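Next come the structures, one after another.
You will see two complexes here that share subunit A, one where it goes with subunit B and one where it goes with subunit C.
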Partner chain A sequence: MMKKSLKPFRDIIALALGHLTVFKHVFKRPVTLEYPEKKLPLNDNFRGEHALVVDNEGKLLCTACGTCQRVCPSFETIEIEKEKNESGKFYPKNYTIDLNKCIFCGNCVQYCPFGAIIMTKEYELADEKKSALKLDINTLKKNYSDSIIKKTVKSKR
Partner chain B sequence: MTKNRLKINIGPQHPSTHGVLRLVLELEGEIIKSCEPVIGYLHRGMEKMAENRTYLQYLPIVDRIDYLSGFFNSFAYCNAVENLAQIEVSKRSQYIRVLTMEMNRLSSHLLWLGTFLLDMGATSPLFYTFRDREVILSLFEELTGQRLMYNYYTFGGLRHDVSDDWLDKVGDFVKIMPKKIQDYEDIITNNPIFTTRTKNIGVLSKNSTLQYSITGPNLRATGIRVDYRNSKQETGNKEHNSHGLGYLVYPELDFEIPTAKTGDSFDRYKVRVEEMKVCLKLISQCIDWLKSNTGEIISPIKQHLLKVPEGEFISNVEAPRGVCSCYVKSDGSGNPYRVKWRTGSFYAVQILPKLLENTFYPDLMAIFGSLDVILPEVDR
Partner chain C sequence: MEYLYFLYIDFLHKYNLPEFIGMATFPLLPFCMVAAALILVVLFLVLMERKVLAFFTQRKGPNRVGPWGLFQTIADAIKLLCKENITPTGAEKFMFNLAPLLAFVPVMVVWGLIPFSSEFDFMSYSVSALLFMTIASIPTLGILLAGYASNNKYSLIGSFRSVAQAISYELPLVFVLVSIVVLASSLNLRQIVLAQISVYPFCGWFIFPAFLGFLIFFICATAELNRCPFDLPEAESELVSGYNTEYSGMKFAFFFLAEYAMMFIMCAFMATLFLGGFLSPFGFYLSERFIHNDLLAQVLVYFEQVFWLFLKTFFLIFCMMLVRATLPRLKSNQLMGFAWKVLLPLSFLNLFFICCYKYFIYAK
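This part shows the complex of A and B:
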């Protein structure tokens, strides 16, 4: 009987404590960001849009060996056209990555024996056309030079 | 069906079904007379997908089985392949696996806590839990490169080592987290609205949990102390398979397994909150070990040329939603012959008809939410 009569008081105390805890948050700074205007900084590990690495002479490191195709979990995502140059070495004449099929697992970057492919920090990939998500060799080269510019700008700051 | 019985559909597109679950209910006034869960709306053929991919190609897909706790699925699959191919995992990578998995469990329970209370009409806890979960996710993003689909484990090791800087950040997080958990408990545990809606509602008996193969926190809430992390078991069922107990370095760590008594919705809440505290304890132990010890992380085997000898193996992992088992059968080639998944949520959905019989319709979401069901894990 005694317990029953005490119950309303305990409930009131519990509710008051709960409200007090919620009320404490009024004075705290917000943890959210207004997204399109402000963006969170990304670290170097981030897995975004792909890029093909170009060396100082403007040549691709890629030798069209096809390891990236073999480790990719979705089929027909990476397509490579292989060709031989004058010195007898293979190079990719065309290299396409279909982002419609890509799951951004990063296997192609991890298992590339030459370190010829990287992932940039670009993640806003929405477009009006599906075909815009099919990256050909020129876009991939451009992605790399863009990512280098971004990196140097960032380090200057 | 009699005249005064009403047959209605809940879902498949319903905000409280945590995905796409359809429930066919028969109501008599406000009382649920029968309930039939219809699953399969999120079926992606995860098991069949393995058969035409190599072992490495299947690894990133595994994370998508339960998107809130990707590390557990990844570990279950890696562990099975490592045991089949007899690949050794170094002590340091085992500790990092435990560390990341416990952080993942914490983030998964945090999301459950927020959505469970949102199901019952409380909005503030959702924002608080998401705020804390965000810290864990950004730590994961820093470590692995993505927030939910990590693809961090490889056969025999990890992709890359953790830095001391990162460990310090995790250490800071572990220091502030107990205060946050205390905040949740202040808001929720004694709240009269919460307790009247959860205490003695949706009671799971010991017998029915064992009959329906319910595992994880739902089982521990009934008082049965079964946890695959612990090597010493105290099972109600003597025939319980003791294979794979105390995996990784869990036997070396000091932790207790929280249980409750009655098995109602409130006890399931209580067990999960206690489990969060256990997670923090395990994380801090792992950080201490990792800071004082070094070791090799990257395994020497060639992942993309891996061929697994003939055989079969089942690896069991204590995931946040019950035991997650991965069965791998190999025929000696580069592709798995068969992969089968057993996930905790599937069994939690199967018990719904029994659990919801003769309960009130407004209690439906409170009971369903307390079971912590994730639909992609049910359908796979």
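This part shows the complex of A and C:
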């Protein structure tokens, strides 16, 4: 224990040291990352905008089984219109994900039995219109091809 | 100043303008210069504050508008001027509009009292130091009025705090000022500066005998200006933004301008009292030594004096920003306790010491 009479001096020294510590930071390089020009590298597990996987023949892997709909914690986020094709298989005629409601939990991707839905690394989704955040089947397909071109996902071909 | 007046009349004669125009406009010229300089300084100061705080926290600060972010404040100012001037329904209209002016105009006046160079102080009275302290405490009234008139409890509490703070910190401030007056044997600011001339460069500055006084003055000035760590009147986390919560647009700009201008003026005042004001730290003026053209050197000396004053002022402002970046905000009771229990006795001690110093050493 220091004597009580010395406390003011100890405080003054502590104050001076504090100011010195702050002052030292002037000479350090700023840690700012200027966002729109430079971006942080993303993790491989990053969960961004969705995409529906398309195989070599340009067909969707999705079978409209509805698992993703069932595991989605958010209300009425995924909407699927089922349809049978000539060979008796189900396929999604329309498939919408409403990003206004989606919480980007990734459950749909995790539980899809066919690996038919993935998440890209696209995260700059802001738009003027709410409707632009409702992704229909064509957008989801396009997202997949875009992310293949940008090499943000591995091709499943 | 008289010499300048004749030059001005002469200049008008050349263009066949009658003398009374000169008589009428001559007093306006210093005012225009003061006002323009003040606005420019404030514009720069806001940018500097943001930049310096950014450096202390390893950020970059504003750098988008113009090169190195130089036009950021101008953009902000234009934004403020374009905004709507809202007067709350329950507000006391007349006082609500009067308050920003009351906060701003005294700042403009004290700005003219600072001696910028040995020939060039716009207002020089035998008691200008006293006048400075008197007028510099008027903005507090504006703040009180703003808090009272805006019909908002946050504003009211903020302004009460501000007044309580200003009153308690004014006392040590004035006692330190008295010690400087004792040292300089004058209340005129220019005489105070000239009293700091000594044989050796910068040894005569009053910061050396009155270092304790300088520290007290610095702390009190920070408190007067409502800056961190004494920014209780504007404590954002508790009081939204204190007395100027209800203000917007031009009126808010007035408060903002007054605050930063007062910061610059307080630091200039401090530089005048303690750091030798416009005196060169080398003991001689660079332009006198290096420029051999007599007339040019004579003119340049004045500009150099202004330069030294500004350099010292900006050094002090930098220190204030360092303090702001380092210390957290005080509690209200700590604030008052510190002023009355620590600073006031210390300022007495400082005054006593200075008087002894003056009696035994200076007087010989």
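Quick note on the criterion: the second predicted complex is superposed on the first by the 146 of 157 C-alpha atoms of A that agree within 3 Å, B and C clash if a C-alpha of one lies under 4 Å from a C-alpha of the other, contacts with A are read in each partner's own complex, and residues count from 1 in each chain.
FYI, a contact is a pair of C-beta atoms (placed from the backbone, for glycine too) under 8 Å apart; a residue touches a chain by one contact, two chains touch by 3 or more.
If you're wondering where the values come from, they're calculated on a predicted model, not measured in any experiment.
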First, second, both or neither for A:G18, with subunit B first and subunit C second: both
Contacts of A:Q110 with subunit B and subunit C, given as first, second, both or neither: first
First, second, both or neither for A:V26, with subunit B first and subunit C second: second
Touched partner set for A:E34, first subunit B, second subunit C, both or neither: second
Subunit A: partner with more touched residues, subunit B or subunit C: B
Touching partner for A:G66 - first (subunit B), second (subunit C), both, neither: neither
Subunit A positions touched by subunit B in one structure and by subunit C in the second: 15, 18, 21-22, 25, 31
Subunit A residues within the subunit B interface of the complex: 10-11, 13-15, 17-18, 20-22, 25, 31, 40, 42-43, 45-47, 67, 70-73, 103-107, 110-111, 119
Touching residues (chain side subunit A, partner subunit C) in the complex: 15, 18-19, 21-23, 25-26, 28-32, 34
Sites on subunit C touched by subunit A in the complex: 54-60, 322-323, 325-327
Contact set on subunit B toward subunit A in their complex: 53-54, 56-61, 124, 128, 131, 134, 138, 141-146, 149, 151, 159, 183, 186-192, 303-304
